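One structure, as structure tokens, below. Some questions next.
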């Protein structure tokens, strides 16, 4: 359980990002409240340095997000490579 | 996954039934029907493709396609649109995406159909993997080539 | 008239088989397929239509459509096009004309399909008669209304 | 049989023109050689005065024709109302 000053988020990776990371989903807990997406990405880069070198956009709770947005407990954060559907 | 299929009506893991899509939008008031099918091609930038495989962020992709369809219907007079994208394996020659647009007149039917396929390709969180003889790669992701295992 | 059908492959007196047209142009090299169907509408300028009937100058209309298809294929890279117009009675909701265009990419598939339907409507010697409750009229021929006989 | 100085042509009418004329096809024989389409139309207007009042284009041997073209024996001349296919 997270205290009031800590949050947990779910991180989803897709396509080439999931392949490179070897994982499609991560749960990150005990994060500081109001952590920004930028700061979350900095933490993820420790485990997945390739994230510094490949392009992606970020969705928060299934909507495209700015990287200065503050996260809330229970957020779903998705890293989306350039789309190629159709 | 029947549950997923029900929750994401614009995505399917089985062959696209174009006639069923047409039946959803056609009416005796719509004199024009424009259909677009994207199909898996044998060649991509000179390399021979054996199979395509599509992955999506399903909930977000489904919501994106629903929003795009609504935009087209609001923008083009009298247009009714249905769209469906395939996920998972898509054999050569089969449709990976289908858009059908019915309207009283052809200008709006063409415009609505074109708007929806362009927007799906630009905005829906869906990714295409090409399978070659010697490995796989995600389209538009230059460093993603992975040699075939055991090849 | 089987003889006429054979001599004028772009005209038909029976229901248009869209799948057969698609099969003529689709290939594993064509990633995009655009189809246009013109269908008989219930209303025309506020009046309720019961039936459409198409007449053609068959030999000239067939040659015109063949020429239009060839123009589209020459103009749009890699496009393959098939087109078929119905003659005689066309019940509401059924297709009076079908154009299918396959191409490696969607821009050319849409452009070729649009070119062909626009040119058929502008140039092919084909005429549409609308049948109302109280009579018939040729579309675009203001003085051609004829009251229903025995009505 | 037409002599060298006379020609015969077939005239086709379509859609509203055929309805108004009550006929879809006419054979006109014993016409002067090199009669122009304009002159042929003047003869047709005697039988079908409505032709003066409705718009149509003319095809000669299944190709659109200018009205100053001279006809030849055996020509097929079609009067085409404004098209409305599709």
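Each chain gets a letter, A, B, C and D, in the order it is written, and its residues are counted from 1.
FYI, a contact is a pair of C-beta atoms (placed from the backbone, for glycine too) under 8 Å apart; a residue touches a chain by one contact, two chains touch by 3 or more.
Small disclaimer: the values here were computed from a predicted structure and weren't measured.
Asks: So what's the Cα centroid distance for chain B and chain D, whole Å?
Replies: The computed centroid separation for chain B versus chain D comes out at 52 Å.
Asks: Centroid from C-alpha atoms only, then distance chain A to chain D, rounded to Å. What do you get?
Replies: Their C-alpha centroids are separated by 77 Å.
Asks: Report the inter-chain centroid distance for chain B and chain C in whole angstrom, where each centroid is the mean of the CA atoms.
Replies: 27
Asks: Among the residues of chain C, which are close enough to touch at least two other chains?
Replies: Only 38, 117 qualify.
Asks: Where in chain D do residues touch two or more of the other chains?
Replies: Expected reply: no residues.
Asks: Which of line, ring, star, complete and other names the graph you get from chains that touch?
Replies: The chain contacts form an open line.
Asks: Using the contact rule from the top, write out all pairs of chains that touch.
Replies: A-B, B-C, C-D
Asks: Which positions of chain B touch chain A when the two form their complex?
Replies: 38, 54-57, 59-61, 63, 85, 96-97, 117, 120-129, 138-141, 143-144, 146
Asks: Going by the contact rule at the top, pick out the chain C residues touching chain B in the complex.
Replies: 26-43, 92-93, 95, 104, 106, 109-110, 113-114, 117
Asks: Chain C touches which residues of chain D in the complex?
Replies: Where chain D meets chain C, its residues are 12, 14-16, 19-20, 54, 59, 62-63, 78, 80-86.
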